[in-house]
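Quick one: the structure is below, and I'll ask about it shortly.
Labels A, B, C and D are assigned to the chains in the order they are written; within every chain, residues are numbered from 1.
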Amino acid sequence: MATSDMTVSKKIKPRLAVFKFASCDGCQLSILSLDEDLLILDQAVDIAYFPEASSKMQEGPYDVTLVEGSISTPEHLHQIAEIREQSKILITIGACATAGGLQALRNFADADHFTEVVYAHPEYIESLSTSTPISEHVKVDFELWGCPIDKLQLKQLLSDLLAGVTPRFPGQSLCQECKRKSEVCVLVSGGEPCLGPVTRTGCGAICPSMGKPCYGCFGPADLSFPNDREQANAASLAERFATELKMSEDEIRRRFHLIYSYMSPFKEIGDADKKGGGNN
Amino acid sequence: MSKKACPSPASVMRSNRIHPARIIEKIEETPGIYTYRLQFEEQEVADCFAFAGGQFNMLYIYGVGEVPISIVSDPEDAHILDHTIRVVGRVTEVIGKMGVGDVMGVRGPFGSGWPLEEAKGKDVLVVTGGLGCAPVVGAIEYMFRRREQYGHIRIMHGVKTPRDLLYRERFDQWRKEPDTEVLLASDQPEKTWHYHTGVITELFDQVEMNPANTVVMMCGPEIMMKLAARHLIRRGLPDHALYLSMERNMQCGIGLCGHCQIGPYFSCKDGPVMRYDLIAPFLAKDN
Amino acid sequence: MAQANVNFRLEKGDLDRLLNALKLQGYKVVAPVETDGAVMWGQIESASDLPWGKRDSQKPGHYRLEEGDANRCFDIVNGPDSLKSLTFAAREKQTTIRQDGDASTLTFFPHKPEAEQIALLGARACDIAALGIQTKVLEEGEYSDPFFSARKAGLLIVAVHCTRAAETCFCASMDCGPKAQAGFDIALTELDDLFLIESGSEKGEAIVALLALAEAGSELTDRADDRIRACADSQSREINQQGLPQALYTAHDHPHWDEVAERCLSCSNCTMVCPTCFCHTVEEVPSMDRSESERFRVWDSCFSPEHGYIHGKNMRPTTRERYRMWMTHKLGGWIDQFGTSGCTGCGRCSTWCPAGIDFVEEYKKVREEP
Amino acid sequence: MSSRSIKVDMVARVEGEGALDIEMDGNEIRHVHLKIFEPPRFFEAFLQGRHYSEVSDIVARICGICPVAYQMSAVHAFEKLFEVKLDPQVRKLRRLLYCGEWIESHALHIYMLHAPDFLGFDSALEISKTAPEVVKRGLKLKKVGDAILETIGGRAIHPVSLCVGGFTRVPKKEVLAELLGDLYWARDAAVETVHWVAGLDFPDFSQSYTFMSLKHEDEYPFNEGDIFVSGAEDDAQIPVTDYEAHFEESHVAHSNALQCHYHSKPYLTGPLSRLNNNRDNLHPLSSSTLDVTGLKLPLNNPFHGIVARSVEMLEAIEEAIDIIEAYDPPAKPVAEYEVREGSCMAATEAPRGVLYHRYRVNAEGLIEEAKIVPPTSQNQSRIEEDIRMLLPSIIDENDEKIAHECERVIRCYDPCISCATHFLKLSVTRN
């Protein structure tokens, strides 16, 4: 985790850049959705590179770089290395950048076959066979999870960085927030396959509050602190889905393999080949 | 701000409110460890704030959070409030960047500190380990300011490697005090290390002690304290004469948030300095 | 207990008279209301908003509402919310702090604890006992939580003695129910055809007097007592408290903790729904330009990864230690700390555990020789 | 003549990444390629083997700007197959959800992405330095749209409550009513927006377009209606089920998006087409506000897109107000239905134009085949055509100016390249 020492640039405004790889744009849009806080941000930093918002595209180096999207073409590999070199603090935002995104589903299948399904002339497509998180390629100082990221967390992240404070977000599971909001548990009282117990908090328990089981879009809960890796007990929840909810193996696999399919321990659920595998 | 008589002590001391205080002096003890002298912004608070040796405050850093930090200044000079802080993480990093003129919040004082009263007239053994133990420094200085009230004072400090020895000058200074011994040990050898090489408990065997008339104050990694305590008990010290500083996660400092539990105790209100005979079963265990 | 309270007859159709009396006294009436397949506290306007003809079926990890006796409105034993959510709010704004432009001053604005006047209809013995326990923790120590005190002071408690237990209930073994012994202003016992009503405080007495009811007589009170006794007898679960707290401290290295950790999700649901758990943390929420920052007290749990963290070390690094903390504190530590068990036998921790972990069963295993 | 090569590495203020490649021989255009190199994400492939109930959460991730459109088209397709009878209030709520997305997306494009072109700024943030109240108005309008999405869908980006048969949960009347205050403000702000954009300087660049949009008997189209074609081609009304018989996708080497043609010719979808085809169904206030601008329909100048979008934003706000004022929560949020196997299609109006989905579902409700045609792939060849038309008039300008003018044309379309598949690179080679 980065020590967000941005004090050096107290006089000169820190330079902010936003880059995009394979993604839906939603996380960048979250920046534009900061309402009036966007104007405050604009006063506090020099937005040096953010093509979605400005045609003024300045070269690096940058003090803070936000990266959206996953690495999925050969060109991306060079770009991300260059971006890292240009960036003092590099922060990945969203499920794509932090875990390969929904499109990482292709890591579990034969990507060539996928190309044929969508495009008529597969020979035109230049794509890697995998969609991978940024951290698999370069050092990442901080990650903001979620698909899309949560506006309040984004605000807190930026606010902390500007104040020279190391951002920190809780890794525990969603259920705490769900209960604080007095939502009725959709799993216990509705028999729905809620991923909340093994999903990282951050969204504000949106799905249960909408009467829908959580589908894990904030990724697996991180039960370790500070750094000894205690993983969410996805296997136990999967077992419960099988016994109490009578779900089939395939249904259970599909449940875990959606937005954060490429991150342990979701990755290993129902994936015979990769069972017990590490982060790769 | 000079200190006047306090009109209504309870309104300040029992309010559990955060009071703004300004840094009037910052001293770098060693890189990454700083002592801050604070002055309350509100006259009434400055007048009324009183603490006992070894208590701690919750220091509030604007927009970031609160951390428990021991008061190291002398309780009899209650208008002076010193905190020695090591930069380790999110909150303390920000504190490290603060300087004279900056304002933080102070909520306290809480907890019970070193047995400085009980130790009067007795020998004192201070056992510390690891990367400097700020809270006990205040206690040592307190005793030296009243040197005649205490018996023999022996300070033993163990480090992993000589590089971990902070406050080297302070140890040298203390060594010059009357009837005082300072013994240092390093687990790992090094050419420039003129002191003991090995674990601190080995030093216990090299010194004479008066088990019936000694109070021990310990501060450091729990496993070190546990081994040291066992050793001292074997040397005949009564288990209730051993006092340990037990740090736990604290969010409130007043026994309500539940984080600082050690078995039946709350480190914030039953401690942080706790008697060995009470906490022995819970020491150095995941709990 | 002091002499038994006088019970009066309240016809089922007259429940609205009680509601009106409460409203006339300025209370907002809150009661269990069917919500998303369970009951939650909700404001009611008339007795018809109560869950008539419904009851709950509870098992570890399982909760469903079913059709029941149409003439009865308090057959749902409980939902996930205890009184805790009303008195010890899940998220409470404590302080707002402002920093002036050049960062040279901080001004603190503590929030005033304020609370609505709520008449809570349908509080159960176990939850009233739990409120008593939270009072010891949050009000009777050296320091207290002013927000809790204010909210609690705003409550008028209309208890319902339980005449039906869920499969997960074990209040009888914890001596906390099924009949509320104290801590209420008014109490009802629901029989098939009518209610018995009694008062437990002066405030309650005044309200009951307003209703000008006839005394119930011994035949009815006997019937009510029978129902309550039968409810106690129907509870198949129990916690044997002998040897506590020491027995749990010494079970520190019991292999069963590892076994539970295989199943436990560390999701904190058990501690969140527990009516006595009081752990909380503070959330600091600064504005984007840092001109203002707010501090909130929020429910926390010993299952949170940071709960046992001190710099460089986590006292409870894995689920095994976290589950052990939960049970050891609840059934053991509490006795030392507050002179009472932390458990009232409401059964929520088991029902609302998504992994279906049965607190009572796990306790038994931990008490067995390894 | 000597060869010139012009490069602009990225067209800004569009969603997604692509490039423009122009090659010329003297004054003769050899080719104009809108190159979309936003990497393919293979959504249609992931959908195979998934349960129909999972589809709306998957397709939402195609685009963070218009997720509701994706969810809507998918859900509507399945509802046709399963013959779901929607509660009328659920149908209204769906329209309301769509209003939220239109308001949010249009406000974003008008104020944040497009306006800087007309005012000569690099970004809206630059505008905010001289005219902060304008930018604040835009941001607040966007927020009003977001608030609708959040209330019904839980969040503005990738909302969660839409499902086959209705919603997983519907808002209470009083909760929706809380939105009204801001919507009344927004109505006035949207009228002001129309006046403001109508007063901008528009290049004279009228084209002969084929306008394609949905058309509904008595509503401005969001999620229902037939496909309607007008303008350069003969008017035609085409049921959505026949879409693929008239509109054909092809893959060209320079793009990671498929291009789509109507009877082999480029066409236009989006606000301009919608407005031209559906003017009769505008609310009175949107209609009269449009009249006051003095613009005559059909609008043939792509630069008038910003006006069309502003009128539509007003329309969506009025519609939202109507729905909320008359809202009565449905008895049941989700209708009952039975899963059937078969093929199904649906098209709805995303903020950027028609979004077509087709699925084949098996008896277990699993997807066997999926096809999705987003608005930007439909507009792609029309954008290329526009640039071909523009080039002769600016041929004597320097490279930088040419690049800039081309980018402006592209932005008129509010292209969403994440949908089609956002680095827009331009290289011009002149021989």
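Just so we're on the same page, contacts are C-beta pairs under 8 Å (C-beta built on N, C-alpha and C of every residue); 3 or more make two chains touch, one makes a residue touch a chain.
Keep in mind the model is a prediction, meaning the values are calculated, not measured.
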Note = Larger contact count among A-B and A-C belongs to A-C
Ask   = If you average the CA atoms of subunit A and of subunit B, how many Å lie between those two points?
value = 42
Ask   = Between subunit C and subunit D, what's the gap in Å when you average each chain's C-alpha atoms?
value = 51
Remark   = So, in whole Å, the Cα centroid of subunit A is separated from that of subunit C by 37
Note = Whole-angstrom distance, CA centroid of subunit B to CA centroid of subunit D, is 65
Message = If a residue has to touch 2 or more other chains to count, which residues of subunit A qualify?
response = 159, 163, 211
Inquiry  = At least two partner chains per residue is the criterion; list those residues in subunit B.
reply    = 63-64, 89
For subunit D, residues contacting two or more additional chains = none
Task = Would you identify the shape of the chain contact graph, picking one of line, ring, star, complete or other?
result = other
Task = Using the touch rule from the top, collect the residues of subunit C that touch subunit B in their complex.
result = 95, 97, 99, 103-108, 110, 137-138, 141-145, 245, 249, 252, 277-282, 284, 286, 290, 293, 300, 302, 306-312, 315-317, 321, 325, 329, 333, 336-337
Task = Show which residues of subunit A lie in contact with subunit C when the two form their complex.
result = 34, 37, 40-41, 44, 155-156, 158-160, 162-163, 170-173, 175-176, 179-190, 194, 196-198, 211, 221-226, 228, 230, 232-233, 236-237, 240, 244
Query = Quick one: in the complex, what on subunit C touches subunit A?
reply = 35-38, 40, 61-65, 79-81, 85, 90-91, 262-269, 272-273, 285-290, 298-301, 303-306, 309, 312, 314, 317-319, 351-356
Remark   = In the complex, the residues of subunit A that touch subunit B are 3, 7, 159, 163-166, 168
Note = As the complex stands, subunit A meets subunit D at residues 20-30, 32-33, 35-36, 38-39, 42, 47, 51-57, 72-73, 76, 101-103, 105-106, 109, 111, 113-115, 117-121, 124-125, 127, 131, 147-148, 203, 206-207, 209-212, 215, 217, 251, 254, 258-259
